[in-house]
Structures are given as C-alpha cells and as structure tokens.
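Order of writing sets the labels: A, B, C and D. Residues in every chain begin at 1.
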Amino acid sequence: MQLGMIGLGRMGANMVQRLLAAGHQCVVYDRDPAAVAALVERGASGAADIAELCAQLEAPRHVWIMVPASVVDSVIDVLEPQLAAGDAIIDGGNSNYRDDIAHAARLAPAGIHFIDCGTSGGVWGRERGYCLMVGGATEAVARLEPILADLAPGPGDIPRTAGREGPPRGAELGYLHCGPSGAGHFVKMVHNGIEYALMAAYAEGFNLLRHAGAGRAERATDAETAPLANPEHYQYDIDLAEVAELWRRGSVVSSWLLDLTANALAEDAELGNFSGRVSDSGEGRWTSIAAIETGTPTPLLTTALYERFNSQGEAEFANRILSAMRYQFGGHHEKSA
Amino acid sequence: MQLGMIGLGRMGANMVQRLLAAGHQCVVYDRDPAAVAALVERGASGAADIAELCAQLEAPRHVWIMVPASVVDSVIDVLEPQLAAGDAIIDGGNSNYRDDIAHAARLAPAGIHFIDCGTSGGVWGRERGYCLMVGGATEAVARLEPILADLAPGPGDIPRTAGREGPPRGAELGYLHCGPSGAGHFVKMVHNGIEYALMAAYAEGFNLLRHAGAGRAERATDAETAPLANPEHYQYDIDLAEVAELWRRGSVVSSWLLDLTANALAEDAELGNFSGRVSDSGEGRWTSIAAIETGTPTPLLTTALYERFNSQGEAEFANRILSAMRYQFGGHHEKSA
Amino acid sequence: MQLGMIGLGRMGANMVQRLLAAGHQCVVYDRDPAAVAALVERGASGAADIAELCAQLEAPRHVWIMVPASVVDSVIDVLEPQLAAGDAIIDGGNSNYRDDIAHAARLAPAGIHFIDCGTSGGVWGRERGYCLMVGGATEAVARLEPILADLAPGPGDIPRTAGREGPPRGAELGYLHCGPSGAGHFVKMVHNGIEYALMAAYAEGFNLLRHAGAGRAERATDAETAPLANPEHYQYDIDLAEVAELWRRGSVVSSWLLDLTANALAEDAELGNFSGRVSDSGEGRWTSIAAIETGTPTPLLTTALYERFNSQGEAEFANRILSAMRYQFGGHHEKSA
Amino acid sequence: MQLGMIGLGRMGANMVQRLLAAGHQCVVYDRDPAAVAALVERGASGAADIAELCAQLEAPRHVWIMVPASVVDSVIDVLEPQLAAGDAIIDGGNSNYRDDIAHAARLAPAGIHFIDCGTSGGVWGRERGYCLMVGGATEAVARLEPILADLAPGPGDIPRTAGREGPPRGAELGYLHCGPSGAGHFVKMVHNGIEYALMAAYAEGFNLLRHAGAGRAERATDAETAPLANPEHYQYDIDLAEVAELWRRGSVVSSWLLDLTANALAEDAELGNFSGRVSDSGEGRWTSIAAIETGTPTPLLTTALYERFNSQGEAEFANRILSAMRYQFGGHHEKSA
C-alpha cells in the first residue's frame, strides 16, 4: 500500500523503514533534506515539500504526520488544500485527543478523513513493532489496516491470554481501533500516564535500595535532624544492577521497563551520565487533566507527573516558603547540603 | 540435595513439587496432615511433626520454613532444639528483614545458620520458577545453591541484557545472594513495594479509561457538583480487555502484571467477582517505613499502600470530618450516593 | 451605593443583608420569588425578572451575579441586552477564571465592564465579612470599592503583620484587586485548592488519632493480614473533641478550620450525621489543572481532590482490578469487610 | 511550685522565663554555663550539673527535660540515681512516644513517675503560651497542674467553641492529659504531622500563584517540552504578600501558619534568604509510621514529609533512573536547566 510520511525524526524515519521492509511504498518529506535523502537511499520516494508529496500519492491518499504535537496544526494548514474528498490524514504523533476531535470536525466538510493513531514503541519499535491505538471513522481505519498490521508487532511469540482461542484477532495483532476520533490518542494518553507511574515505581524502589546503607552515615544530634532509632537495620550494600537483572526472571515486577532499567544499570550502575532533570511531554499532563475532569482518582499517575516537575526545579519556591515558615515559628535555620 | 520443608500452603507445596521434579529429596511437614499426604503421594517423605522431620534429615540439615510471617518465631522455637551446629534454617516466607537479623543473632551461638530468602512468583512459580532474593552468610548460602538454582527460573529464553556476555552468571540464574542477614527479605520487601505501585498504576489507568464516557452522564447543576466544561471530550466506550491485550504487544507498559490484567479482563471485563476490598500483607508497609527511616522519598509506593487502606474502609472517619467541616463553613449537606 | 444582586441563595442573600446593614441600596432578583420577598422585607427592592432589576438601577449600573458557575453564561445572555456602556457586571460566584476572560472579552465591545470577584467566608460571612479577591479593569474595580469595603471584614482586631505600619491599606481591608480579568477568581481558585488540602490534613490527623487504639483489635494470622509488630504501642483512647479544642490554643496548627472542627466534634464526636461522601465543587479541580498546565508540583492539593473522588466511590473499579490481579498471581481471595 | 529544668535551648529557656514570670521557682541546668547564667540573672537558681540540680529540689521533685530526642536516654541515665520514689521526670521535648512507654516502664520499679509532654508554640510560646499535650499516670499529671496551667495560654480571648458553657475547663485551659504514658507525645506527633501538611498546602498554593504568569515564558517546540495550549490563561502577576495578608481576613484558610507566611512575605516576597532545603525532625516521620502500622491512610501527611526529603536532595538517584529509562526507550537526552 502507498503511504505519505511527513516528519522523519526518530519515530517517523524508523516507521518508514519498517514499512519499506514490509513492501509498502513510502513517499517522505521532512524540513531537513538530509532526513529525506537518508530514506530515499533505503527505497522511499522523496518530496521537496508537502505539495510534492501529495502529488506523488494516488487517490485515495494516505498521509501520515509524525511531528511534535505543537506543529500538527500548521502541517494540516498546508496539507488540507493539497488533498481531496476520500483522502485521509493520520496523526501518529503525541497529539492531545481533543485536537483530534477538532481536526476531524475541521476536515469533515471537505470529505477528508482524519485518523488519530497513538504510537508506542520508542526507538525499539522498528525492530519490535509499534503498538498502535487508533481512533476515527470505521471505514477509514479499515482502509488503513495493511499499514497498521505491518507497523504493529503482530501476535508474536508471547504467551496467549487465557481464554483466547482460534486465529489471532483484534488487539492480538498489535493495533486496535479504539473508537471515534480522539479515541486512539485518548488510549495512548492514558498509556503514557501509566508509563510515568510505572517508571516512578521502579525509580523509587531502586532509590530505596540505594539507601539501604543509610545506617552507616553519621547523623548530627540537633533539632534539625531526624534521629534514626535502629541504624543496624540499614547496613546493606545492594548491587542494583544485579537486582534489576534478577527481577527480570520469574518475579511479579518483570516488565519491559525493568529490562531497560537492567540495561542502563548494567552499563553504569551509578548512572553518571544523568543529572536527574526529567522532562515530561504532554500526555502525562493530559492524563491527569482527564482524570480530574472525569472525577477519577489517579493519585499515583499525577504524583509521578509532579515528581518530574519537582526534578525540573519547580518546587523550589514552595520549599523556600516552608523554610521561611520554619524560621518564623521556630527560629530554625536551613541546614547546608 | 536433601531439604526439609515446613509449611505446605500454596507456596510451600508448589516449591516442593518443583524440587521433587528436579530430583531433590524433600522431607515435608504441615499442621494439616492432608497437605503432607498429598506430597508424599508425589514422592516426598512425610513427617508427623517437626522433630520427626529433623530426624529424617542428614547433617548438615537444611530446613526451609514457608509459613506466615507472624508464626515464624514459634516455628523456630520448636526447630532450634532439633538442630545442631552446621545446620541451616531458611525462612522463605514474607518475613520482615529485621526479624531475620534477630533470628540470625539468636541462632548464631548454637552455630546454626539462618538464611532469609524472599520468594516471588506466586501460584505461577511452580511452572515459571521462583525469583529468589537471598540473605545470610556466604558459605551457608553457597551450600544451598543446588536448591536455589532449581527453584529459580534459570536464564530462560528472555533476551539478554545489553553488555552481558559469556555463560549466564549471578542474577541471570534467577537467584541472588543480596548480602548479609536480612538482605534477601529487604530486597523482596522493596520488590513488593514496587509491585503495589505498578499494580496501582495499571488500576488507575484502566479506571480512567472506564471513565472515558463520563460526558454522557447527566450532571446536577448545584453548588455540590463540579461542572464539566466540555462533555464532548468524554464520549468514549473503551474496550478495556482489548486495550490490555493490545498493550502486551510492543508498548512501553508491557509487563507480567499487564499479562495478568489481560487474563482477568478477558475472563470478565466487569470483574464482577470482586468488590474492591484490597488486602495488604506486610511488605508494602515495611517498604514505606524503611523509606521514611532512611529519608527516601517514595510517594508512589506509599500512596499505593494508602489506597489499599482506603479500599478497606479506613478513610471513612477522615471523610466524615471533611463533610462536617463543609457543613460548618458552608452549610453544605452531603449528597446521597 | 446602589447594587443589583441576581441569585439569592445562601451566599447572595447574606451579602445583600450585610450591604443593607451598611446602608447600601440593593435591588434583588432570584428565580424563587420567596427569596426575593424575604429580602424585600429587610429593605431591599425586589424585581420580578432581570429586566426589571436593571430598570431599577441608575447608570452606571452595577449588577452582581451570585449563581452556580454553570448558569453564569445564561444569566449574562439575559443581562447583556439590558445594560449599556459604562455598566458593570460582577461575577461573585465560583466561576472558572477562564470564563471571566471570555466574559470580559465578550462584553468589551459593548463597553460593559466585567469584574470577577472570588468570595470566601461561607455562611459566616454575613457576620465576619467576606474575603474578596477581585479581577478586572482598574477603573471599574475602583468604582466598586464602596461595596467591596463593606462586604469585606476590614482590618478587624487581628494582630498586624510585622513590618506593616500606618493606616491599614490594601489587603488589610479584606479585599484585593489581584489583576486583570480572571485574576480574582484565579486567586480564589488557589484559595480553595489550599482549603481542600488544609481540610484533608486535619481529617487525616484526627483519623489517625482515632486509630490510636488499633493494637487492641484482634488480628487474623493469615497471608491477607499485615501483622502489627508492637500492639502495645497502639493502646490509646484519644478524646478528639478535647484535642481539637486544645490545639486552638497556642499550637502551630490553630486555624479557623480547626475552630470549625472543634465545633463539629463538640457537638458529636462520632460525627454520626455524616457518612463521608465528600463533594467537590469545581475550584479544587481547576487548581490542579492550573498546576499541571504551569508545571507546578502540587501533590497535596491534588491528592486532597482525589481523596474526595475516592469518597464518592470513583476508585471502585481500580480497586477491583487490584483484587483481580492479586487473585491472578497469588490466588488471593478478597477478605470480607 | 518548684521545677528543675534540664536543657536551656530556645524552648527550655523561654519556658523557664514564662514560669519565673508566673511566680514559680526554677532550678536550671544546661551543658552550656552561659545559658544557665542568663537565667540566673532573671531569677532562676543555677546548677553546675544534674546532681546539683536534683539536690536543690525538695521532694517530691519535678525535673523537666528539654533536650533533643536523641539525648533523652543519656540524661535519664544520669538523672535516675539522683531521684527517689515519688519524684517525677517530665520529657517536654520531641521524643518518640514509644520511648516514653519504655522510659515509664524503666522508672516504675524505682517509683519514679515519668510524664511525657508534647509542647507546641515555638519561639512565640513565651509570650503566647505553650500548647501542652500530656501523657502519664493521672496522679502525677495532677500534681504538675500548677506548672502546666502557667505554661499554657489559658482560655485567652479566642471565641468559645459552640456548645461550651460555664467556666473554662479541660482543653480550654491550653493543656490536656491525653492518656497514659506516651499519649502526650502521640498527640504531639500527630500535631506535627498535620503541621507539615498544612505548611505544604500553603507552600504549594503560593507556588502556584507564583506560576500564574507561566504563559509569558517562551517554550521550546520539541518532544521534550510539554506544550501549553492556552498561554493566555497564564498572564498574571500576583502579589503574594498581599494575597497572604488578604486571606488572613475572613477567608476559610486563615490560620496562624498563614499569619507567619504573611510576616515572611511582607519582609521579603522573594524569600531570598532561603534556598529551599527543608529539614524534618522526627515527629513527621513517626506520624507516617504510626499511620502505616495502624492501617490509616494519610496520603497528604506522608507526601508532605516526602517533599521535604526531596528538598534535601534524596530523590536525585530516582530521577537519574527516570532519565536513564527515557534514554533507553526513546533516545531522550536530558534538557539542561
């Protein structure tokens, strides 16, 4: 099947390569001509701009957008006049599902389909396949299935869920039509919300293991230092890389994120290349907003988000207020680090 | 190798079967003679009491205790006089690592080794193998390796961590000597703390997906009901079982706990057999206490624990105070459910 | 000064009475004629509808709206055609500050001022005065000052903040022009976000005091019940009403919310009139959304909100997932309550 | 009445002055002779060591200890041999209530009473009076009442709780016998737990107000930066000092901690003297541990504690793990600050 791809960053370029390998025809465009050239070398058709990309596609056209959420709007502005009724735009990036609803409504009068596709898999997706969460009109999604099926991991060799029988079907293929416009990105959004909390759960746990020798540190005896009643309970040196490796085998907490943690710790158990400023990229925020608006308690998901804000330095003024209060009521001076 | 096993519940009985299948000789005891008989039928030697169990073992004896944390003490009381210098007791249950430190100290004068072994794997362990986290003196743990190696899953066919080369070693075998007395249960404790938070992350996320149609509900227009500005953003019917199945393939959140969630939802997407009263069993609590005592922030781990307390009804009085305050300052009456 | 008041519920009616007592002239309207009649009896002018209310006011008119946030829009729809350039609408309810920005923009072409006024004080405000957080154009706010000053508590007899000298000024008068449109409700929104967390802090603390005798309860000895290592540490019967009363005097946690808690507990230490279903009313939600959008970590404020959702039963499905997972991996059955 | 005081730091010295002013006779000792001398100048009797202090007291002796929790034990070691049956030791510091239980048990055979007294009031207590939470045997506490009554604020001029009539009694006097040994420090512990959360609630709220202009900042357009959909909603400059002052008057969030915040912000709205490293001093930790052990959900109290740990830098390794995971699955590099 033929597909246009706009945006050849980490994700877009890998997806094109996976599609080319599966025998699809890809017409590609990126602001950066070098990114286009790299894929042309691997068998894609290059386009110098969006108009040229559209011109190379046969109707009904399918144009996949893989760009930062904040520039989707401007890409659609350029794209819309180049398309005709029956064509379809797929937003495979990390857009807010609310924007999908708006985009679908905007393109409907022109008869242009809008499909939202949440894409998980990161830099490993080219090899492992991408987990695809799709929203939009049923017939438009159906037409796209050849592409979806080849981007997805397929049934693979993972053990089958109890009770599932017969040939693999539905979600077992690695992609899912989740509902009308926005449903795909909604599910992807919640996926990322969960991801933040899973990551934080491991991070907190390993950090606690790292503190298992806290009883050996000297402690000041003053009103600013909490005493430790039983220092003999905290005398361990836990090998974090070995623990991560261990838990991959037969434990209840085994997961792909743990596999990655084991990778990282095996490379450098001190993680010295990282300072601990953790970015967040939109979907974690939208997940918590959706939770709040629907009245759903998600304390872990939101706390994981806030801890990232904290890592970015955004709690600093709050902490200064706390120190100021302590000084006001107790004459407490801050301890130096 | 020869092993005595005391406590033939869900875990103990399965472990004995796994060891028998691997060719080890097991002498078993449980308060319930039927549990003993069932294993004798499968090749174990039965004992009518702990003394008889010890009498059947050749020195140096290895006795594995697999009982609730709260009865370990009383089992050791009975066991100690039956053992001699050079023998070893292994506590494979869910004991507090602090108790291990005390038990090891208590048994040391008699020359009896005490090994703590955190065991993960649940009802699946017999087949998948158990992930074993071990603490104690090096030579005692070394002597136990034949047992540990066969209880553990071994390297299996999971992809190897980047950078690991040569024959599988250390944690890749599925068991790990984590440090001196208590280190095994310490690592297992943190494992369970992480487990609680991972579980809660999925539970919150799926619960949010279930609320994706919240915009369709009628809302009262009164001061007690938060308005929903954009009900059109919450009009979805997400198929939770399909989403769980999907995420197992190529997504960032794939994990064994997700596999189990997919199992449960495939069986009954409403989970009608459950009311939502979630137990907690000690290790989650000890994890948070260790975090507090060592000054390690673990907000997700602890929140997951508190949400379980909440599910047990323990927030009720706090909530009544909130309603009482609202009535005091605003004349607000509680809404009925 | 003359003021029109639309909405004579708990808040609106009390504010009118406070203004009448201060010598202002009030023209009042409510859907419920009885509410109008009650205030006419106390000296207000009644109006049968909004048009009549506007007709009774002299230009430049000031019309204060005190209705649920969800009906402000429809009131403005009716009100706008009755007003002229130079008139002002004040939204004194619990509106989202974003709506203020929209309302001000909508009314600007007609030369109608829009002032947002966050109002704190609850049923006690008539007597204590209302704390007023105001947003809007400077000259419009200035014109309203006679009303604001009399609704507000004024400097009162509370101890003056260190460093403040001379005649009371600015916020010391009990009202504050916080900034342009929306600033008043923005500050009120954060005020309520803080309020939720303060309330929850006391509720959690008193709930913990109520659990101080937990060591006396019998505990099951099974894998579903966390053991309590030292029951002798939890043998207290704390008199909550007395503690609340005590903390009002000289403690660091004294506050108006504590005063109210003492009231409630003095009346009935069991709080038997309440079941613990705690409503939330919009501003708590918007506070957390603003925190998320601005990248500000507010874990306590948001957790307090989620605990209210939880009290409304919205965590139930999440808890069922947890129980289902526990059953899947460990064969654990739920305990009955 | 006569009282010995050991420990003349911030708290002890002020309490002695308050007692001297009320006509009590105080015998004082501190490791620092200058601290003793300063109080001798104000009318106290000085002692060169603990033995001398005891020798100056008439039986039955009352010795109040006001030292860091971690040195109480060693003071009692020295004190016990100097005392006789019928004497009483009062621990007025921030001890763990569990230690009180142990101390009382240790001193009981010698007939020495042990009274635990949680003391709130900080540097303001000398003037405002101290809020006293007392545990111990009824007759011993009764004997101490003259001292307790004069340290406490007394009924003062705060409005009386609804329903309380007749002469002030019980907690209205500003001190409370909360129960047997440890009950006083238990209540004080929970008091401090609440205090942490109240402080954090204000700190988070003011920090959010400080972020109210976040829409004016330039934002990068990349996958590492969460987009802000409506920057026009965050264009405010809120005067934090004025808001703190405002909320002191008639708002639901007025409190003594808010008064102190207003003081601090009036002095320097930037709080430039503070860096935001917030100490914690034991009771916050014990509160959360008690919550965990009794199965009481206290998510705000514990989160407030964890945020302090975070401010002390203890989340750093957890954050590095998060960054490492993000790099592993998405090739994301950390952004610089």
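Keep in mind that, in the parts below, a residue touches a chain if its C-beta (ideal position, glycine included) is under 8 Å from a C-beta of that chain, and two chains touch if they have at least 3 such contacts.
Chains and their UniProt names: A, B, C, D = Decarboxylating 6-phosphogluconate dehydrogenase.
The model shown is predicted, which means the values in this text are computed figures rather than measured ones.
Novice: In terms of residue-numbered contact pairs, which of B-D, A-B or A-D coincides with A-C for over half of them?
Specialist: Selected pair, repeating A-C: B-D.
Novice: Per the definition at the top, count C-beta pairs in contact and tell me whether C-D or B-C has more.
Specialist: By number of C-beta pairs in contact, C-D is the larger.
Novice: If you average the CA atoms of chain C and of chain D, how far apart do the two points sit, in angstrom?
Specialist: Computed from C-alpha means, the inter-chain centre distance equals 29 Å.
Novice: Averaged over CA atoms, how far is the centre of chain B from the centre of chain C? Could you give it in whole Å?
Specialist: Those two chain centres are 43 Å apart.
Novice: Hunt down the residues of chain A that sit against at least two other chains at once, touch-wise.
Specialist: Residues 122, 200, 202, 204, 207, 211, 226, 229, 252, 257, 263, 285, 291, 293, 295-299, 303, 307, 310, 312, 314-315, 318, 329 of chain A touch two or more partner chains.
Novice: Please output the residues of chain D touching chain C within their complex, sorted ascending.
Specialist: Checking each residue of chain D against chain C gives 97-98, 101, 120-122, 125, 128-131, 133, 152-156, 158-159, 161-164, 170-172, 174-176, 178-180, 182-183, 186-187, 190-195, 197-198, 200-202, 204-205, 207-209, 211-212, 214, 226, 228-230, 232-239, 242-259, 262-263, 266-267, 287, 290-291, 293-301, 303-304, 307.
Novice: Please name which positions on chain A make contact with chain C in the complex.
Specialist: That would be residues 252, 285, 288-289, 291-293, 295-299, 302-303, 305-307, 309-310, 312, 314-315, 318, 329 of chain A.
Novice: Considering the complex alone, what residue numbers of chain B touch chain C?
Specialist: Per the stated touch rule, the residues are 9-10, 68-71, 94, 96, 122-124, 199-200, 202-204, 206-207, 210-211, 221-227, 229, 257, 260-261, 263-265, 271, 273-282, 284-285, 299, 303, 307-308, 310-332, 334-337.
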